[in-house]
């Protein structure tokens, strides 16, 4: 049994990985850490966990935090994991961090990122950056040798899965990429705000952070790695009145007249060993519900023949493949479990 | 491994029990029957089941329907199970029916029911009624001797769990019972209608079937069994703009001045062996979300001291404890499995 | 042209009366006061008012606040209007207050109320209480002689319109009254909270304030006035996932076997001069949408014959008939305008 | 007083124009025609109109249909208006049609359109096409000389208002235009379907009609008129879980490095005489709610400097500026009323 510590247990990312570990046969939660709700049981904060996870939430300076765990999940904002991940690594843990702290392999790229999002954070552990791995299993070969993983951003997962086969196979003009992305409210987390007040949000939608969303830099970095060229994308984040889910539509100008079937085959080959990616055609008429509560990404691969544009519709559950589900998959990789272990539970409809 | 046949697989009740059996270690779906969507795969009709349940849906006259199965679930409207359940029983199956066909033990009660709801159905198997068992495990001792079970109506589950301890223990005036019940849209099933059109239903709510809802008679019958007196209840069904869930508030005039703690203890004792009923106080601040996607019923037990009325707030997921989840629990009882087998998977929040 | 000052302009009650005055031919907003957002334009806070109401919001100590206005609306919580209403009255204004400050005619009743809701407020203007009028035009003859009005609570409007004809005409047992009330999120106002966070509130519902809602005392006082007897009611507030609207179901045990048509006629006669109350039967199949955005109250009058209970379903828009719409109607009364002036604009569907 | 006949009164387009005419001081509805609900009162079909519009809905062969009216609104699908509009014109009426029947000025363009959407309709009145005017007042000078107007499609309004200033002023590469559009359920009308069933649609979103949406051809035609070049656009329609509203994001590659302020000024100048278009910057943080229930279009004009792409966010209420509101504005134009007459009523928030 693998033992786990969850830092930032009180947020949606924390409760998400908690639910998944509770469903997993080989992992056990031993320590839950949070700045808020300390002293409460996890099931007091999240009553649906009553009888399932009644552990006490402890503060970061609680003695139990310093014990040895097999895996530590940092479900924390930028600037937290970088301070203590090294301690966990030194105690022999593998570390997965949800923030931007470990998504970049060199300090320059990190600084570009943190600058882009307008935060003033000096990386506390720059020497760890050459060890860290961007944690999208469909793009990178994660395995038991990895010890430190930067779990990708939700929009990044959605767009990278849509675009990578096309970029890798030189199908599209790299200057033409547009990612038009719609997310539900859970993407903004548990923290209350005017924008997430029910009376404001119902029957409403809007584009936000037009000046620059925090997931753009990692999308560009990963696409650049695939193409060996520097890529900039136009990215628009939008909030629609639902809770869980992302639908991204990614556009790119095709360099040649491609046959749709050929393109679909390129996508299917790219994901041939990726159990959580389904490549579909527009006839298959998918929608967000098909992936809700699961770790799947459904991709509709399409060509607008009138304008010769590639158009990919990408559906994920932002809290699953976009966050905790992907982290669980990464844990499976890091401990040589099957990718789908604990993640293949049938979801519920409607 | 127990083999199962699902009749009426294409509806919400059918897909609900499908999802649960897929999560269950000891049951396997071998046959899916429906009048509609025959010839399609279950996963074509419900794409979230792709790769999980790709069985073909067959019509009722398909040859495979007549094979022997260990358990047959009729997720069908009134008048279907009564026609063929006997064949299944004769082949050695245990039968669970979701409709009113097998919720009553004598033909008179059945006729009162079918008359009350304004349908003209003559029971095709009246001789089976003395064998059938009303399938609410919290009220009745279901076990491997049972072969034929009438799965309760969703509102009935919600109200019976709220009222039974009070009625059984003579706490309330039996003429004073009011059940004020709110349900989501999934309670009306998959069939489209003007009332369930999104543009009509969003930001809307209404009371419906004021002339008489189909679950009243079984609530009254079960309460009468507990009290040994004839009971009529005032029942109001309401539709609110959400999909899954029932919140019922049940009121009754207390016969004496009771201490709230005593009443709570009466409820806790009543449900001491019922793993899916949680008896809570108003301080515990529950809401529908706490039971969504699960087989739990959360009860807030309260007394309005100014009017000396007992007031019970009852939360269930109408498709779980109100339907397929309860049926799964019944299957566990009928095959001597633990009550919670396959039903204790952690739900997801938010 | 009647001039108006709105105190508490920044909340939902303030923006509601603003919208209505903008639609009214004879009233003009001259001053908007708020503790928050001072210095901003009303249309900065509420962008849908851009070009319609671009007045600056001023703080309560701004000099313009002390000018003479014909009518002052206090869209403020308990304890605000009582401090400065007298100044407005002395300057010749008529005053309408949304809080409990002026809903009671004697200090004892007020203290019972404020105690019941667990607040510690000493009434600052007890000598005004014998002048104030509870502002429900369907129950009280409001006219140009009134100068100080306590605008009713939203649940109170909903329940009083449902129950008054029955209580006034001695139809029901006064100890049997139950008010089961469902409201949308706007009833809780603009202030953000965990309970109103979209991700918590979607697909959720719950009963709240079981210990005692602030509108109970005024319901009881008004019903007691109608019956000349002391009445206590059982009242349950519930929050459902929509924004605007209240559906209350009010129950009472009929003292005799009444014919439904007779009861309906009693209701119709009671409201014969009330242009905003529609008395309907269950055949007319109303729902919340029929009153959304309007000042109407739709009542379904029904008898459950099996239990001889009167059951009234009451639909209002909580921000219209339940708050600003009713206040606008009161203004019409106080200035001898037609009841419906500025309130008869066709609403929008869907 | 202008008299109006509404054909297709029973749908959302019909009830929308009904509501607006009821708010309009100079127009009176005299005749309501529909294939369904004939014999019923409009207020039976739409109970929110009770006491506001109690006219009987008549069938198309009712005698009153052939009387003379000043304006006739065809709120009907493709193929209806073309059959009888000429009769109305001959009787001296002005005609506004909501379908594609009169959106094109020559039969070739119409045939391209009807072919593109996969319908087999031969235009019954091709000789009227040279008389008809595409009815978007912001692009075309509509006035009392116009007698026949094709009211634009909702997505077309949304995208044309976003793109026209840029196309007219040669700001963008005409081969680079992408329209990514999200609509609510009301865009699909009153007709029930599996896709619009509440239980399917809640918490769901999807792209649809990827093969070709019916509004593409008119967008292209209008943009081509502005640029004098043939333009094809990539257009993606998406359905999100709300009822009223469209948010479109339109992208185009800037031909030069433009200063954002210059571009905003180009937009402001373009719409200087358009009272219903608001040109905003990303700092102004608009959302759909700002236009809900109104005839406004809010445009956020933005440049993604990293990729030198123009990005316009366009918000409209699809049933107002996207349909009935625009038709009302057209009526104002055709009868020399002020553009905003009957359309400047303050909307309601939240």
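Just so it is clear, A, B, C and D label the chains in written order, and each chain counts residues from 1 on its own.
The rule is short, and it goes like this: contacts are C-beta pairs under 8 Å (C-beta built on N, C-alpha and C of every residue); 3 or more make two chains touch, one makes a residue touch a chain.
These numbers come from a predicted model, not from an experiment.
Chemist: Comparing centres built from CA atoms, which chain ends up most distant from subunit D?
Modeler: Relative to subunit D, the chain whose C-alpha centre sits farthest away is B.
Chemist: Which chain pair is joined by more contacting C-beta pairs, B-C or A-B?
Modeler: B-C
Chemist: In angstrom, rounded to a whole number, how far apart do the mean CA points of subunit A and subunit C lie?
Modeler: Subunit A and subunit C have C-alpha centres separated by 47 Å.
Chemist: Using Cα averages as centroids, what's the distance between subunit A and subunit B in whole Å?
Modeler: The computed centroid separation for subunit A versus subunit B comes out at 38 Å.
Chemist: Roughly how far is subunit B from subunit C, going centre to centre by Cα mean, in whole Å?
Modeler: 39
Chemist: Which positions in subunit A are in touch with at least two other chains?
Modeler: In subunit A, residues 12, 184, 186, 199, 202-203, 241-244, 286, 289, 292, 350 touch at least two other chains, as defined above.
Chemist: Help me check something: in the complex, which residues belonging to subunit C touch subunit A?
Modeler: My answer: residues 12, 184-186, 190, 192-194, 196-199, 201-203, 241-243.
Chemist: Give the list of subunit A residues in touch with subunit B in this complex.
Modeler: Residue positions touching the partner: 12, 15-16, 18-19, 22-23, 46-50, 52-53, 186, 202-203, 243-244, 278, 284, 286, 289-294, 319, 344-350.
Chemist: In their shared complex, at which residues does subunit D touch subunit A?
Modeler: Within the complex, subunit D contacts subunit A at residues 175-176, 178, 180, 182, 184, 199-200, 202-207, 210-211, 232-234, 236, 238, 240-245, 247, 249, 251, 253, 282, 285-289, 292, 300, 302, 304, 306-307, 309, 311, 313, 315, 350.
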